[in-house]
Structure formats: C-alpha cells, structure tokens
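Per-chain numbering from 1; labels A, B, C and D assigned in written order.
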Amino acid sequence: PALLAAFEARVANDEFIEPKDWMPEAYRRTLTRQISQHAHSEIVGMLPEGNWLTRAPSLKRKAILLAKIQDEGGHGLYLYCAAETLGTSREQMIEALHAGKAKYSTIFNYPTLNWADIGAIGWLVDGAAIMNQVPLQRTSYGPYARAMVRVCKEESFHQRQGYDLLLEMMKGTPEQRAMVQDAMNRWWWPSLMMFGPPDDNSPNSAQSIRWRIKRETNDELRQKFVDATVPQAELLGITVPDPDLQWNEERGHYDFGAIDWNEFYAVVRGEGPVARERMKARRAAWDEGAWVREAAAAWEARQAARRAAAA
Amino acid sequence: MNDLLFQYLLRLGDDSLILGQRLCEWCGHAPTIEVDLSLSNLALDLIGQATLFLGYAGEVESGGRDADALAFHRDAEDFRNCLLVEQPNGDFARTMARQFLFSSYQLALLDRLCSSADGRIAEIAAKAVKEVRYHADLAADWVVRLGDGTAESRGRMIEGLDDCWRFLDDLFAMDDGERALAAAGIAADKAALRPLVQGRVEQVLRQATLSMPGLPWQVTGGRTGRHSEHLSRLLAEMQVLPRAHPGARW
Amino acid sequence: MNDLLFQYLLRLGDDSLILGQRLCEWCGHAPTIEVDLSLSNLALDLIGQATLFLGYAGEVESGGRDADALAFHRDAEDFRNCLLVEQPNGDFARTMARQFLFSSYQLALLDRLCSSADGRIAEIAAKAVKEVRYHADLAADWVVRLGDGTAESRGRMIEGLDDCWRFLDDLFAMDDGERALAAAGIAADKAALRPLVQGRVEQVLRQATLSMPGLPWQVTGGRTGRHSEHLSRLLAEMQVLPRAHPGARW
Amino acid sequence: PALLAAFEARVANDEFIEPKDWMPEAYRRTLTRQISQHAHSEIVGMLPEGNWLTRAPSLKRKAILLAKIQDEGGHGLYLYCAAETLGTSREQMIEALHAGKAKYSTIFNYPTLNWADIGAIGWLVDGAAIMNQVPLQRTSYGPYARAMVRVCKEESFHQRQGYDLLLEMMKGTPEQRAMVQDAMNRWWWPSLMMFGPPDDNSPNSAQSIRWRIKRETNDELRQKFVDATVPQAELLGITVPDPDLQWNEERGHYDFGAIDWNEFYAVVRGEGPVARERMKARRAAWDEGAWVREAAAAWEARQAARRAAAA
C-alpha cells in the first residue's frame, strides 16, 4: 500500500516509471496489453501496404513505400522491446496474436483496393494514429514514452507523404481522381473507428487516464481528428462520405454522423473484411520461418560453444 | 557506341530493378522482423541503383524515356537482366543463395566499375559498391548460418544453391558490344571477374561446410532478352498501373 | 432501363468470367488427371457463358465494346462479379466449397432466368443451365466425398466452407436497379432464390455429415465494384496482353 | 520359342497383338516404356501451355487453349490406360516419372515466353508429334494403335489451330510479328530434336522397327517434318533460323544445318532449361493432391462396405 501510494504519486506528478521500478500488477498487465497491441498493429499494418508494394507505379513511389513499411517494422520492433521490459517475451506476444488472444488495430482488417489507398493510409490512418500517439509521448511508462517520440516523428513524415501522393493523383487523370475519392469513401469511417468505442462504452478509460497510459478520451481524440482532417479533404478536392458532416459554430467543432458500431464490434471480434487473410499471412510467415529461426539459434549455440572451448 | 552504352546500362539497371522487385515480395512475410527489415534494406538499395542506372540509360538513349518509362513500359524480351535475379524467391534459403551469388558477382563488378572510363558509371558504382558490400556480407552470413545450422536448413541451402547453379554462365555472359566497352575501359571484363567471384564463393561455402556443386548444363539468354517463364509474370504485376493508365503521373 | 440491363448482364457475365479464370489456374496442377479434366470442363463452360453474357452486354450498351473489350479493358472497380468467385483457389477443398456454393446459387438463378422476359437472357440461360446442373452435382459430390472422407479431408472441407461463408449475403445482394428488372420479369428475384439454395446446401452438407456454419459478419460490395484484394491481382494477370498491346487483334 | 515364332509372324503380318496375347518380355518392356513416356509427355506438356492460359488475350483464344490442354490430358489418360494393359499401374508409371526414371519428350523442357509460343507449340510441336505418331496408328500393339488413331485426329486439329493463331498474329502489329519470329527462333531446333538422336546413334531402332513399335527411322521422320514445315513458314512470312537450310533439287528434300546434340543430350539427362520447374510442378501437384485421392478412396471403400452390408 505504501508502494502503491508512492507509485500513484509519481504518476500523478508526471514522473516516468522505469522497468526496474515497482508497479501494480494491473498497470503492468494493462500496459503490456496496450504496447503489444500497438506493436502487433505495426506488424500487421505492413500487410495492407505491402499488397501494393510490388505494384507501385513509379520507382520513386516504390522506394518511398518500401521505406515507410520498413519504418513500421522498426516501430513494431522497438515496441516489442518496450513491452518486453514489462516481462513478456516477444515470442509470447506473437503467439498470443496468432492464437487470436491479442488484438491489433481494427483498421488493418480492411482491404487496399487501389493505389490511392496507399495515400489514404498515410494521410488518414497514420493521421489518426498520430492523434492517438502524440499524448503518449508523455505517458507514465518511460520506455513506452520514449518509443512514442520516435514513432510520432516518423508517422508525421508518413502522413505528409501520404497526403502528397493523393495531391499528385488529384492533379492527374479522371480515373486517378476517382481512385482518390473511392479510397476516401472506404477509409473514412474505419479511420474514425480507430479511436475505439465511444466514451460511454469504454470501460478501461478512467483508470488508464489516471495512470497516464491514456491522456485523452476516445471521443475527444476522434473529434480532434475530424476537425483537423475535414479541411485537408477540402484542400484535396474530395468529399467526405458523411451527409451529416457540418461545422458547428457554437461548439467550434464539426458535427458528424453516427458510426456503425455493429461493424466496429464485428471487426473487433475478428470478423473484419480481410481479418482471415491478415492472420493467415502472419501465421504463415511465422510458421514457414520457424526452420530459419531454429537454424540461426543452432548456429549461434554452436559458435558460442566453440568460443567457450577456445577460451 | 551510344547504343552499346545504352544496352550496358540496361543490363546494370535491370539486374538491380528485378532483384529489388523480387525482394519486395518478401515484405511482411519474412521469418523474423529483423530479417524483414534487412530484406527491405537490400530492396531499397537495389531500387535506388536501378533508378540511377536506368535514368542514365534514358539520357544516353536521348529518346525521351526516363527511368520510369524504361522500368514500366518495356516488355520482357526488352529486359537485359541476368536470369538469376528473375528466379522466384522460393524459401528463404533459395532467396539467400540467389542473393549471395548475385551480390558476390555485383560486388566484384561494381568494384571494377568504380574506375570506369565513363564518369557517370564510376560515380554510380562508387555509391552502390558500399551498399553491395553489405549485401554480399549479409547473404554470405546466411549461407553460412543455414548451411551449418540444422539438418533441415542445410538441406534447403543445398537445394537453393542447386537451383541457382544453372545460371552462372548467364551471369558472366558478355557479347561483342560489351567486350568493346570493356576494351574502352567503360565496362568491366566479366571473364576476368569470374575467378575472383568463384574464389569468394568457394571460401564462403567452405565456411558453411558445403561443397561446390558441379556445373550442370547452363541456361543463358538473359542479356539478350531470352528470359525464363518467370520474368513476364513479374512484369505483369510490376507494370500493371502504368500500363492500365498510360500517360498518368503518380 | 438499358443501363440497368447492361449492369445486370455484367453481373452475370463477370461471375462466370472470374470463376472460369480462377479454375484455369488449376490446369495441369490438379490431384488427378480426371479432376484436372473436370475442372477444365467447368472453366470452359464458364468462359463460354461469360462470352455470351458480356457479348450481349456490349450490344445493349451500344458503345462499340464487345465481350473482349469488357473482359480485358475494365479496371477492378468496374467489375460486377460477386466476391465469392474472385477468392483464391486455396486447396482443392476450398475450390470445391466455393464451386459448390456458387454453382448451387447459379443453378437456381439460371433456372429462373430460363423464363426471363428478355428473350436473349432466356436463351443463354437455357443453354447454361444444363452445364451448371453438372457443375453443381460435381461440386456437391466432392463436398460429400471430402466431408465424409478422411479426417484430413473433412478438416479441409470445413475450413474451405468457413472461408466462403462470409460471402453469402454478397452472392444474393440486389440493388434497386436489379429489383426493378426483377419486377419487369427480366431479372430473377434473388431473395426468393435464397431459401431454395439454402435448402439444397443444407441437404448436401447433411449428406457430407457436416453441420451448417453459423453466419459470421458478412462482407459485401462485389455487385457495386467494391472487391477484395484478390481481384486486381487476378486482372493484372488476365489482362496483361491486351493492356500491353492496345489495339492488337489476337 | 514356338510362341515367339508365332508372335513374330503375327507382327510381320501386320496383325494386332492384344493384351491377353502372349508377347516377349522385351516387347512388353519396350512398349511400356514407350507408351508411358508418351503419356508422361502429354501430361507434362500441359504445363508450358498452361503457363499462358490465364493470360490468353481473348476469350475465344482462352477457350481454344483450354480445350486443347484438356485434350492433352485426355490423351495422357488413355495412353496410361493402354500402358496399364501391359501390366504396370498408372501410379507406378507416375512414380517412375517423378523419380526421374521415366522420360518425357525433351521439348517440354523449354519455356513458353510469349503468346506466339502457344501457336508455335501447336504448329511445330504438335506437327512433329503427328509425324511421329501417324505411323503408330498401325503399330503392332492393338490398344496403342487405337489410342493413336484418336490422338492423331485431335493433334491435327491442334496443329491447324496453332498455325491459325500465328497467321492472325502475323496480320497484326510489328510487336506481334516479332513475337512470332521470336517463337520460331526458339522452337525450331528443339522441334527437330523431338525426333530423337540420329539413326547412327539410335540403339533400339532396328528391333523397334521389326516389332512395328516404330515404323520409320528418326532421320526419315525429321526430314519429312522439315520438308513439310519450311513451306508453311514461308507462307507465314517468317524465317527459319538456319542459315544452312536450302532445297536440294537432287535429293528432292531440304538440306538443313547441324543439330546441337550436346544440348539434346543435356536435356535428355534432365538438365533442360525448365526441367526442374516442370518436375517440381508435377511432383507438387501429385504430392499436394495425395489427401484428395486418399479421401476419395476412403469414401469409396466406405460406400462399398455400406452397399455390402445392405445386400
């Protein structure tokens, strides 16, 4: 109880908790779940973009996309490392993902159907991710907060690249402009869902905010995202697929239409449009790579034995 | 001489482009995240080299084609890459066997091209040779680790090398045009490179406790546009957008 | 009305075209020669149906596009096939699960269209329905044989059906345009067909000693051009020659 | 010896030997090898054409090609049946193929690189096959001879279709015409090799001719093929890739250049340009289909047991 009080005081004081510090089990569990979920999202998130990598329409775009996906893999890597400081191994986390016990962002269960989707993911999905993540740079757990600093910097860069891709396409042929609008039509609502269930149905929020694992509510962040994104859509010259969207002078915010929460919960349950494909791809990569990991481990062990024998 | 130089630059650029494209197929599907990242690294370097070599090829041709036009609007028979780089990834051992042989070759080649009489080639080679040294080392490490790893990885690496071994003559093939460029100090004399590369390959295989496979009947033709069945399928995927939307900019 | 009819014919033709194309991928790779031949048979019938429906669609459109133009020069978002037929073959169980569901649906549909108020549709349907009766029986036989075969085949068939079950609503999806055509006696009322198809499916699954999977969240959009990630890849391969050589005749 | 004499007399008299008739072991063995090799060629021969089936450039061409490959599968099927009448099962023959013990036509170890190859295979490869097979309609073994009647009829049809495909392409764009010439350049010499080694290096020929398993020598058939094909190439408007080719007034035949027998023997050894790919594809189809064949057999057995129990 004295430990707990001291812990709560440090958190309330915006100090960082470090791996060797005492922390409540629930804090450890919640953080592990949140960070590993974030790591999984980075890794699974490589797939929808990877789907167009081999079909990127110019050498420059191919290189940009490749570098972007590589950054995501890098984020996944240091997020797994951050989570490991809490006592769960990367293998355990990956197995939980493959067993369907761990979640990842719902957004990656939607298909990428044309090249503009690559831009839309950068602009909308990374944009939404940034909204979620910027406050986490000051989250209470040190390794997570530091990881977030690097992640946010790179995500901002990706968001600008995505927007730039769409701008370029909007200057192009009618077919290209139609692709951009089509991408917007398909990604808008799933992007809003990325902020999670509405506040009145978000059970863990209060404690997470008290622990500085979360610093703003789902609905606050969602509103911020809408407010920031709508003018960008106008600048692009595309329509937001929401007839109820309008500026509310009084609130100083955009009002927007009702989200289809049935769809959201179906996707959370693992029934998203391409959820089966995503999990199959990840499991296949892992299972088919087992012999490589085993070989590398066997070789390392043999080298270590040789070094020991030589010493 | 300009057409010879153009053809030569296509050979250099297409090798990097096609192998880079193949490595892109691994993205998100590699055995570990670390491997995924290193394969992306290789692919990025190769796409970058392709952009430089093909860009220069377009300038030399002076027909208004830039690197993208050359990459996305040629048919399979107009590609000049060696057969090795267009072979499918197969499993990770096969990918690494292919990478090891190609990077060992490319390293020796670029090393020589750093002192090409053509300044632009020398410049591109000087940049690329640093990247490729890393590729060759990385691939050699994996050849050793898999060859001397478990029984399964060893079997797969042997099979992977076997799959590639038919394409070695093609890798070093030179025609009269290229020989003329070599005589002018612009191109490298691949015949002179071969023993170097072979020595390096032998050394790594020894370290991997593997023996050099014998040379089976050699399949050639990549440098003159006679490819395997795989290239046209690779291109159908790679070129689909520029082909479906001629004239569009991206 | 003409545009509605055009759209409807695309739906009919694209279903056959895309499934026929998928079945072509099996050619030379099936578990036995007999199976290879029967899959080719199905593919041939489906390509034939596609040729008739898309040919008629071109006439209705009166824009100078024939069946080939419609098959080879539309982008993915302009295709109107259901999501089920564009799904990858997977293993033989998945291919047969897909075929069984689609052919059962198509049989009921064509049976109804034999008495379409549009004479041309009725004529094509009368020819096709005989073919599809055979497809549906063949696929049902395999569902039974695999479902009630070995433990492995049973597991694979369950998995195959599971993979397809998300796409049932999409198969029967109708928009206002199609409802108008149905009211005019030209199109079939798919809502009315569904219990028929479901009854047939239940019967065969019972015979296969399998239970009906529950209905998971349904993925829809095929009929309005929102496809899965697979269609654009299928088209990149299928359309490569006409796209690379616009204007050429073959 | 009396049996043998009677057998030889019947064969010399151009009578058919039937499965139940007595026959020398060497005759049975040679025929089994020859028929199964022919069956394997039909099945492996589906692969090079299948490579372009999904890329056929029109619906009509796709249907024609599909039907053609289907015919080849059908030929394979009844050739296996004919071979089975000699006492070897289809499974045994297929396993011998996959183990590299049985051969198939060298021609299918060459890649199909453009759409004109589909025409060239029909015209040249089926054309060469017909030259080989027409005499076999009168071969001494009844089931084989009867199979050949049907095979030859269909092959002639395929040959005309292949030639028609090339004619159509020659009326097309410069790129299309270049494809046809390129296909000719690549398929001409391998087609000539289809007739086997030169007569002075063809060990089994004499006995095979005596047994009416073969009715003309390799070189005779090859000459026939050249004589028939060169005028067709001229009609198409393409060049035969042989600088030594010329009409020999005195012989009444075309003279032609030397065949690269080193290449031929390498391909016979299994080192043809795509031999690995062909065998991998066949083995994969067989191995990955094992569970299907087992399931079908298990189901049949269970049905038979049920019927027996009900009777």
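The rule we apply is simple: a contact is a pair of C-beta atoms (placed from the backbone, for glycine too) under 8 Å apart; a residue touches a chain by one contact, two chains touch by 3 or more.
This one's a predicted model, so the numbers in the text were calculated from it and none came from an experiment.
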Practice prompt. Return the chain pair with more inter-chain C-beta contacts, choosing between C-D and B-D.
Written response: C-D
Practice prompt. Compute the distance, rounded to whole Å, between the mean C-alpha positions of chain A and chain D.
Written response: 57
Item to complete: Go ahead and note the Å separation of the Cα centroids belonging to chain B and chain D.
Response: 36
Discussion item. What's the distance between the Cα centroids of chain B and chain C, rounded to whole Å?
Written reply: 42
Item to complete: Give the residues of chain C that touch two or more other chains, as numbers and ranges in rising order.
Response: 75, 232, 236-237, 240
Discussion item. Using the touch definition from the top, which residues of chain A touch two or more other chains?
Written reply: 55, 175
Item to complete: For this structure, give each pair of chains that are touching.
Response: A-B, A-C, B-C, B-D, C-D
Worksheet item: Which chain A residues qualify as touching chain B in the complex?
Response: 43, 46-47, 50, 53-63, 66-67, 69-70, 73-74, 76-77, 80, 115, 165, 168-169, 171-173, 175-176, 281, 284-286, 288-296, 298-299, 302
Worksheet item: What does chain B use to touch chain A in their complex?
Response: 17, 21, 24-25, 27-37, 40-41, 43-44, 47-48, 50-51, 54, 67-68, 71-72, 91-92, 144-146, 148-150, 152-153, 156, 237-238, 240-242, 245, 247-250
Discussion item. Looking at the complex, which residues from chain D come into contact with chain B?
Written reply: 51, 55, 111-114, 175, 182, 186, 263, 266-267, 269, 271-274, 276-277
Fill in: Residues on chain C engaged by chain A in the complex (per definition of touch)
75-77, 163, 166, 216-217, 219, 226-229, 232, 236
Worksheet item: Where on chain B is chain C touching in the complex?
Response: 75, 232-233, 236-237, 239-240, 243-244, 246
